[in-house]
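Here it is, the structure in full.
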Amino acid sequence: MTGTAPDVGRLVVSCTDRPGIVACVSSFLYRRGANIVQSDQYSTGPVGGRFFLRVVFRLPGLDKELPRLEREFREEVTVRLGADFRFRAASAPTRVALFVSRYDHCLLDLLWRARRGELPIEVCQVVSNHPDLAGEVAAFGVPFEHVPVTRATKPEAERRQLDLLRGRVDLLVLARYMQVLSGGFLDRIGVPVINIHHSFLPAFAGAGPYERAKERGVKLIGASAHYATEELDEGPIIEQDVVRVSHRASVRELTRRGADIERTVLARAVAWHCEDRVLVNGRTTIVF
Amino acid sequence: MTGTAPDVGRLVVSCTDRPGIVACVSSFLYRRGANIVQSDQYSTGPVGGRFFLRVVFRLPGLDKELPRLEREFREEVTVRLGADFRFRAASAPTRVALFVSRYDHCLLDLLWRARRGELPIEVCQVVSNHPDLAGEVAAFGVPFEHVPVTRATKPEAERRQLDLLRGRVDLLVLARYMQVLSGGFLDRIGVPVINIHHSFLPAFAGAGPYERAKERGVKLIGASAHYATEELDEGPIIEQDVVRVSHRASVRELTRRGADIERTVLARAVAWHCEDRVLVNGRTTIVF
Amino acid sequence: MTGTAPDVGRLVVSCTDRPGIVACVSSFLYRRGANIVQSDQYSTGPVGGRFFLRVVFRLPGLDKELPRLEREFREEVTVRLGADFRFRAASAPTRVALFVSRYDHCLLDLLWRARRGELPIEVCQVVSNHPDLAGEVAAFGVPFEHVPVTRATKPEAERRQLDLLRGRVDLLVLARYMQVLSGGFLDRIGVPVINIHHSFLPAFAGAGPYERAKERGVKLIGASAHYATEELDEGPIIEQDVVRVSHRASVRELTRRGADIERTVLARAVAWHCEDRVLVNGRTTIVF
Amino acid sequence: MTGTAPDVGRLVVSCTDRPGIVACVSSFLYRRGANIVQSDQYSTGPVGGRFFLRVVFRLPGLDKELPRLEREFREEVTVRLGADFRFRAASAPTRVALFVSRYDHCLLDLLWRARRGELPIEVCQVVSNHPDLAGEVAAFGVPFEHVPVTRATKPEAERRQLDLLRGRVDLLVLARYMQVLSGGFLDRIGVPVINIHHSFLPAFAGAGPYERAKERGVKLIGASAHYATEELDEGPIIEQDVVRVSHRASVRELTRRGADIERTVLARAVAWHCEDRVLVNGRTTIVF
């Protein structure tokens, strides 16, 4: 985020739970002069459960120290705890690609928030299966690529998308991209993929959620941001929210009102992901 | 509701939509000296759709006038519009039976709201398949009947329940009653049945919604009040609400937090039903 | 709103409450072939109170019929009821001017909603006391005027603003305009003025609401859209909403999170005003 | 809370912020065989700010170990950090007195929740300036004392209240107690006092908040739980929530709807306080 101090770092750890992890990690940081600013932890169970930790710390000269921190953490701590871990400078923006079809609300909302420094991201590329939003995206100074997708051309289109993004991004966000990505694409992209679905999952997974919400007569409609997996709308949920609706709302009005929830939920999910707040635990997430 | 003026009446009408319904109904009331206090209407479509109307009016001496109003409305208006309609004095409480198992929160909340005059109901009978809550109910001066239910005794138990309630109630509320009522029971009971389900339907219909919410990692849990039909958890939804939860909440904590939503949602649904605000339209409801 | 049928009209009436108003108005419309689509009413008291009515109706050839409707309504109904009233074609957009300073979120949100046909408005002019947002506004094809304001030049600046808008707009929206408009300006502008204040009024009226929210340690921050009056932040409230915050949020983060509430609340207030849903009743509003 | 494992303890620490606090505390616990289950921290500023820490840990045989833990923590840690701290067994219930006037909703809600094991409290005494709720309270097996208060008898009444509670309670909760407690009483009671105010403070502090909400035409009403201080309605806020209302709601209906928010907000505040989640920081609170 704009204004994040250059000496703020984040450490994320996950490992099998056992006594002494916090003491071990906090001592490691203290001995190197790092001051813990925030710390969150969660365990799925004290015996044999999985332990998750996110630490925010200040360390003067962080940029230069990071490689050494990582090496020493691996040597001193990982060896004992068998932990997965990740260090990151809070000032380093996440490089993001956005996929979109024709609805502009999620795309514009992310571009606005990025421009005003509200999200710790750098949008590197927008890809769409329609040309409609090229002008909008150009106004933000972000490259736009039109990659049409038909049933026949989908494999080739996905190859082109992969070529465009390879090594350039840390995160792919599907900002109302109305095509299903293949399992092969998700394997090869090599970075997390966040999708926004326009219902409060697991209700109305799949196509036409607002139509089905109208038919069922629900009194709340919602949106869910989740990590995309090969099983459609089944990936770990990051964030959800809802808004109250009445019998008066047509499908068209549900779609409009839902759009406000979609963009808010997606923006929160992207922010939290990029601040290393979201840790995947099987089919679910821990959000610190 | 305590304090409802004795001269306030309600009229609910539904019919095929056509021009002039409001003019016809409002002129009918005006000519009899009734002053319209509130009026809500909804149409599923201007041509061939279904029209729904709820009117609240004041008419001095309402109690004596009601039979004449009904007869004349049938003769003058129904003949022209082919409408279903219902007149009711707002001061007439709805006679309610409550079915409950072991969880007390919905039961106590309704009994307490009824006692303080917050709901326009008179609770005539509580029936439970467990004896646990007999003392609680007695403290409110309401008859309690323990009707045990096993797979083998269910038909007999339902006969006993029907005998208890026949002609004595206008509404049956399932306040966390953990038995499924048979289609035959629902047919014979002859009054609307409101159920509270502990999820935001259609998500987690059926058994164990909090367990399944935990497994799926949703970020909101909810409750839904709906009219009971033979298809479990598929009846028209009256009201829903949700509360935010995090990964930290165990199933036990979800159950606790959900209880607060359940009792609130059920109390709203019962209040709205008894104020003639809820009109069924196929699988959905109109809530004025 | 885009897609509003050309034959839909709205009628808003307010008068002293008395029996027969609904019958009188609905008969008037029925005799002219108008079909009532929606009707809302409210009375501050049955005896001597003020009665408010909003009717949406369909009438083929509405555009041509409106002048005649108005004339006849005045002659036939107003004479009897002593009512204020206003007819309007739902398809006629409200002409809007936006005043803004440096914060762009409310401005962009309204421009974007107007472009996608979500608000029944036509933005005719943007005026700012800073030049910063000229490029943004130009991208929407809307005229932008930079009118600097200092303590010394304020009278002249207000004259220039009035010259710009005179006769061209039906509504002025202060979309985070950080200057106080004089009573003289509000008198002369001759159209309603909607302001967005960044707190849940009456809490934190005046300057620096987020700073004061932080100091007081509130657990919710909010925004309020209200009609501007000469008394700062005291005008009738149209809409409010809040969002939960914790002790962790700095003033900067409160400002960011609040921005999402501000733009949502302002967009709702503008939509409702332009759909003739908001009726002023002394210091308060009725929102149908 | 019912079911809390007997070996779970909590440690709350506050001190001037400086590097190494987390390392110091976590090492102290680790060396004594305690496993950290949850840890939350907050600092008002890295340099010269105030640091707050809440740690939940498991330690076999906690009950016997607590006195030694406290002594050693004082000797080893407090000496170095100059910290305030408090150890507590999570299984030890907080002893609570409830003060109430005539409204029963907050009182009953706390008694219900305590009875079903939802709150980690033991209600030792109810005191009221009216006799009305004696029967209700008796049904829960809790002592009820009627202490009338008039302007003239207030000093004597407060003495009697102090005599009743002295040494018997850890927390006093004002569950809609409509008398102002004197500064002298608050000094002498010697335990924290939580009050529920029926508005979203700082809006409508003082008397008649629902009346004033109606006059001002707000679109949300709320409730605030806060620590009572000598300055009325100015103490540190623990929790707040709101509910949407419309112009239709009378003061009576605002009062009813507000009651649901009041009891929910108060129950949350009491739960959090008794779980040692609430730390006072000047005029504000930190809620972990």
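Just so it is clear, A, B, C and D label the chains in written order, and each chain counts residues from 1 on its own.
Methods note: a residue touches a chain if its C-beta (ideal position, glycine included) is under 8 Å from a C-beta of that chain, and two chains touch if they have at least 3 such contacts.
All values derive from a computational prediction rather than experimental measurement.
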Fewest touching-chain hops separating chain B from chain C = 1
Ask   = Interface overlap for chain A and chain C, more than half of numbers shared or less than half: same or different?
value = same
Task = Would you kindly say which chain has the C-alpha centre located farthest from the C-alpha centre of chain D?
result = C
Remark   = Comparing A-D with A-B, the one with more C-beta contacts is A-B
Task = Could you give the separation in Å between the centres of chain A and chain B, each centre being the mean of its C-alpha atoms?
result = 42
Whole-Å separation of chain centres (CA-atom averages), chain A against chain D = 37
Remark   = Going by residue number, chain D touches two or more other chains at 42
Remark   = Per the touch rule above, chain B residues touching chain D in the complex are 3, 104-105, 108, 112, 116, 118, 139, 252, 256, 260, 264
Note = The chain B residues in contact with chain A across the complex are 42, 200-204, 215-220, 222, 236-242, 246-248, 281, 283-287
Key: Of all residues in chain D, those that touch chain A in their complex   = 18-23, 26-27, 29-30, 33-43, 46, 58
